[in-house]
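Naming follows writing order (A, B, C and D), and every chain is counted from residue 1.
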Amino acid sequence: MSILINNETKLIVQGITGRDGGFHASRMKQYGTNVVGGVSPGKGGQKVDGIPVFNSMQKAVAETGGNTSIIFVPARFAADAIYEAADSGVDVIVTVTEGIPVQDMIKATQFAAENDVNLIGPNSPGLISPGQAKVGILPGKIFEQGKVGVMSRSGTLTYEVVDHITKAGLGESTCIGIGGDPIIGMTFIDYLKLFEADPQTEAIVMIGEIGGDAEEQAAKFIKENMTKSVVGFIVGKTAPPGKRMGHAGAIISSGSGTAAEKIAALKKAGIPVANQPNEIPQIIESKI
Amino acid sequence: MSILINNETKLIVQGITGRDGGFHASRMKQYGTNVVGGVSPGKGGQKVDGIPVFNSMQKAVAETGGNTSIIFVPARFAADAIYEAADSGVDVIVTVTEGIPVQDMIKATQFAAENDVNLIGPNSPGLISPGQAKVGILPGKIFEQGKVGVMSRSGTLTYEVVDHITKAGLGESTCIGIGGDPIIGMTFIDYLKLFEADPQTEAIVMIGEIGGDAEEQAAKFIKENMTKSVVGFIVGKTAPPGKRMGHAGAIISSGSGTAAEKIAALKKAGIPVANQPNEIPQIIESKI
Amino acid sequence: MKIDEYQAKEIFTQYNIPTPQEILCKTPQEVKQASRKIGKKVVVKAQVKVGGRGKAGGVKLANNPQEAEEVGKQILGMEIKGLKVQKVLVSEAVEIKSESYVGFTNDRSSKKIVCMASPAGGVDIEEVAKETPDKIYKILVDPLKGGLHDFQARNLAFKLYDDVKSVRQTVSILKALYKAYIGTDASLVEINPLVENGEGKLIALDAKFNFDDNALYRHPEIAKMREVLPAEKVEREAKEKGLSYIKLDGFIGCMVNGAGLAMAAMDMIKLFGGNPANFLDIGGSSNPKKVINAMKILLNDDNVQVVMINIFGGITRCDDVANGLMEAFDALKINLPVVIRLTGTNEKEGLEILKQNKELILANSMQDAAKKAIELANK
Amino acid sequence: MKIDEYQAKEIFTQYNIPTPQEILCKTPQEVKQASRKIGKKVVVKAQVKVGGRGKAGGVKLANNPQEAEEVGKQILGMEIKGLKVQKVLVSEAVEIKSESYVGFTNDRSSKKIVCMASPAGGVDIEEVAKETPDKIYKILVDPLKGGLHDFQARNLAFKLYDDVKSVRQTVSILKALYKAYIGTDASLVEINPLVENGEGKLIALDAKFNFDDNALYRHPEIAKMREVLPAEKVEREAKEKGLSYIKLDGFIGCMVNGAGLAMAAMDMIKLFGGNPANFLDIGGSSNPKKVINAMKILLNDDNVQVVMINIFGGITRCDDVANGLMEAFDALKINLPVVIRLTGTNEKEGLEILKQNKELILANSMQDAAKKAIELANK
């Protein structure tokens, strides 16, 4: 098993004729993901690395049976790409694009929810179910099929953590970058539900950061609903209030959303919190 | 039984301090409907015929436990009244108001549907479950508790038909004016489903008129899904194309929506169609 | 409410929908000057609110200002379906590489807005819908879900054109047209044909707009465009008095409370071999003024030989209605037979009142009323 | 992006939100003239993009033009939290019958827009939220469900006022404020206080607007209002070069790829007793120019005693990154110790390249790097 993507994933790459879209389409294909098509309006009929390009998601889904899409289109067209994907009938949409206006995302996340689509991101590195499929820009080599579910608001920090998990021989079931923006599709709780139901996943790592209260809400959910162990790791202890730490969502506003609050909430819910990434594998091993 | 309204209906009258709202609030109360409150922003705390008035639906529902609302507010505020009612948690909204802009109703019907509210009308005389409750402006005296479900796009024509049904000793389970506008909440098919499930209803009368294709769609639905008998009556055989026959929805546009087409569709689906209102009771009696 | 092509084009221009260079003219001299100003071949188009002006000779090409003036003389003042042409639109002649159709209207069954497009433009779209329905593409637009999305417009545009340049233009025209549709509370907007000119630019060659009467209060600038056609004058005046009236070509004048019941009464007249002179719904009130006004309209129609009144008293009590009728009859000189059917709440009391006027012919059902009216008309 | 009060008020005026009569001034003479023009008592308010100007003496009442000039002299040129006051807003003094608060912002957890209102206006709303949270009323607004409905605005308005007149004004202000919020892609808009004046009219006495940087391309008129504060100059320049930089008060300069990893590195420095001098995310590219620019920023910060570079090569290969680093080091004179931790894809090849530069201190983990950096800084 795994969550959201697996051997049966049929991927369509929206914005495949762009630089990033084309590059990562090839990388995902190399990893073994079944990339069935790409979309680029006006370039229908072309091929990118052997992958057929269509003018619309509607047509791409009709012709390839695609069930998952990944979006690389520029920020100002990205919300429309989400609408198009949500309307096309795919089950999972991964939005890599960064810098989408927040008010566009307020509408797009709602639209996706009403269409019962799993929307990951935006500003997400994507996700990987090692050995099965990669839908995103994550470096495939550092992952190993295994028992830990990882969900994170960050990109490279996730790689750092995963590197420790893989080297400890635990491996990952599915690893997800949930997106660094303030308004994102699926949140920690949505993934927790899926991990709880996934037989392959034995423990979950939640990598949080300053800003918002997603970690606090997840802590409450974990305490009340999860039977599987969750390990937390929160970064941004040194971040000053009012300053955006790279990610649009990583900002301490009016004193709330601090790392200290989040760590306290997790601990209060009985969730172990690692001080450093290298501690994570030990904590997991002590729990499973 | 009956459908949509019954002994347990707790009614809130939106626009109760207006002329029509106040008048009909009293009439409904006289009929025996449990009118628990009224809404008129800024007039909260007043009483109309002993009925307490609130500033908002939210408050009215919270204080009275109202589960049904009827809207008498002027056309330009009516869509907002529908939103407010749909948001307040009531199950049934009856909109009597006529002349609401169509584009307002496109949004309001959608909003009601998403809130799982039964929206009747607009431009509807309301509905009555004889002996139980009246939510509308229909003349209570002509109705008699009985076995026939009546649904109609018209007002006084319904009374004409009901008069024959009552005088024939059949009586009515619930009688509904679905509204004379082009865009309305519940349509014939929605009511047919409820009548089919209602033990009190033994046969249904559908009173249609020119414009749209609601009767044609109902005919298809009846043929495929209904076990109970339905009798049709369609008016507007003499109506010229392109002219609105009173109701905003009663217009033959580009040659479609004629009475002849509708009668043909009903007959094709095996549904008996009366030529005159007085024939209706006989047809019903031959079917039950 | 309908408006003229030139008015629709003014709205298009406000919403940045490309139209040909055009000038509105009221005299042949103005047509000549307009043609000179445009400086190339022009098309002179009659501005009338009915279809089929082309077939009627209301649209003509002119190669130069002299020809334009001549054509202007022919079209201005001509009659199209009973309407006198008082204005023409002088429009630059556009080279037509292809013609398509795009439009928006409200869709009753989905309760959404439908956007329609067809590569078969320039012809009657209702014909296309009947003959070759697969040439009409539709998408449903939900104003509560963000309205017309770019991807929807794009998907539709790809049905009309293959090249990205035309697709992009179509998308921006569809988006602007939707904005105009919503922004004016329209009930129909059409560009037919939408043409691709010699340079590959898409242009709205014709324009049609209908508006929702109930929403005109939000659009005073559009309400101002209303022009009451001579044929609609009586209907319009009736409406201002709270009556809903439509003239037909029969001889039995009908006065009914409620639109559905009015249609039922008319159908019954027809069923028994008569012919209704009109649709007339006096609504739910027992106000004698309404009855007087309604009666005046019927009496003014020379075709009316007999009046049939059919009232079902609901909330309005029959005795109130009867008193209203009596008052109305006192106020008017009525030289036609009047058949009345009055039933419903307080029917007895109502009928007692009516019996005071010996000239009224009472009927005990709608059928009875229709039969009596027909009989009287045949006398 | 933040703007000044007077700019926010300009937007309010565009959206028909009532504001006091106000004139922007840059000299005491202008203040005097403005006061004379307004013709009654005025309030002179410093225009600075930081909170607490009132406490700092940046808001003062003046009874006449002479006093206004005097007050203008005091405020213009003063420093508030390190910012020099260069503009003041001269505003008619309003009689205050009551003060409330209204605002809109984006709500992360519901993924909607939240409209907030409180009868406790005129004070710091965050204090109200902490001390008396039951005095803050909130409703969620869904732009995909028709936005702010009248009934929502009305329900909220009834929490602030009992009389219909004030409720109606509040509804129209809330609707206008929502329109402004959506129309400008704001991330926060506040009226605090919204005051009821002597005649019962509601007026926005102060105005605050923050905007979504990612949406500024849609609002060039707002983007033009951007004023880079001196304290933000370096951050702004870094941003233009594709770097995300924030200065802190520590002594270990950090350069990391990825925001989360950067925060992790900073936290680790702190954990081991050090103090990071900055947040600096160079993003996902191995472009040497970025590394050069990043290094320049760190070297320009006099507090920086040691540089710690932490790179996790993902899609970007470590050998590419190493080459970029070498190129950067060749181009710059670096007189500080530099600790590098490089891991991930093609780590070995990358480290081989780095070993060519003997001055670089290599670390084999983020911990190791942090410890070494701290050690070097303490020397």
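In the analysis below, contacts are C-beta pairs under 8 Å (C-beta built on N, C-alpha and C of every residue); 3 or more make two chains touch, one makes a residue touch a chain.
Source: prediction; values computed, not measured.
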Each chain counted as touching chain A and chain C at once: D
Centroid comparison with chain A (C-alpha atoms), farthest chain: C
Where chain B and chain C are represented by their mean Cα positions, the distance between them in whole Å: 27
Distance between chain centroids, defined by C-alpha means - chain A, chain B (Å): 48
Separation of chain B from chain D, taking each centre as the mean of its C-alpha atoms, in whole Å: 54
Residues of chain A touching at least two other chains: 107, 111
Residue list for chain C, restricted to those that touch at least two other chains: 144-146
Chain contact topology (line, ring, star, complete or other): other
Pairwise chain contacts under the document criterion: A-C, A-D, B-C, B-D, C-D
Chain B-touching residues of chain D, taken from the complex the two chains share: 145-146, 149-152, 154-155, 158, 164, 167
For the chain C and chain B complex, residues of the former touching the latter: 106, 108-109, 111-113, 126, 129, 142-144, 182, 185, 187, 212, 214-215, 217-218, 244, 246, 248, 256-264, 266-271, 276, 279, 281, 284, 312-315, 343-345, 365-367
Chain D contact footprint on chain B (complex, rising order): 41-42, 55-58, 77, 80-81, 83-84, 87, 107, 111, 114
Interface residues, chain C side, partner chain D - complex: 144-146
Sites on chain A touched by chain D in the complex: 24, 27, 75-76, 99-107, 109-111, 137-139, 141-142, 152-160, 163, 180, 182-183, 187, 207, 209-210, 212-214, 217, 235-240, 243-250, 254-255, 259, 275-278
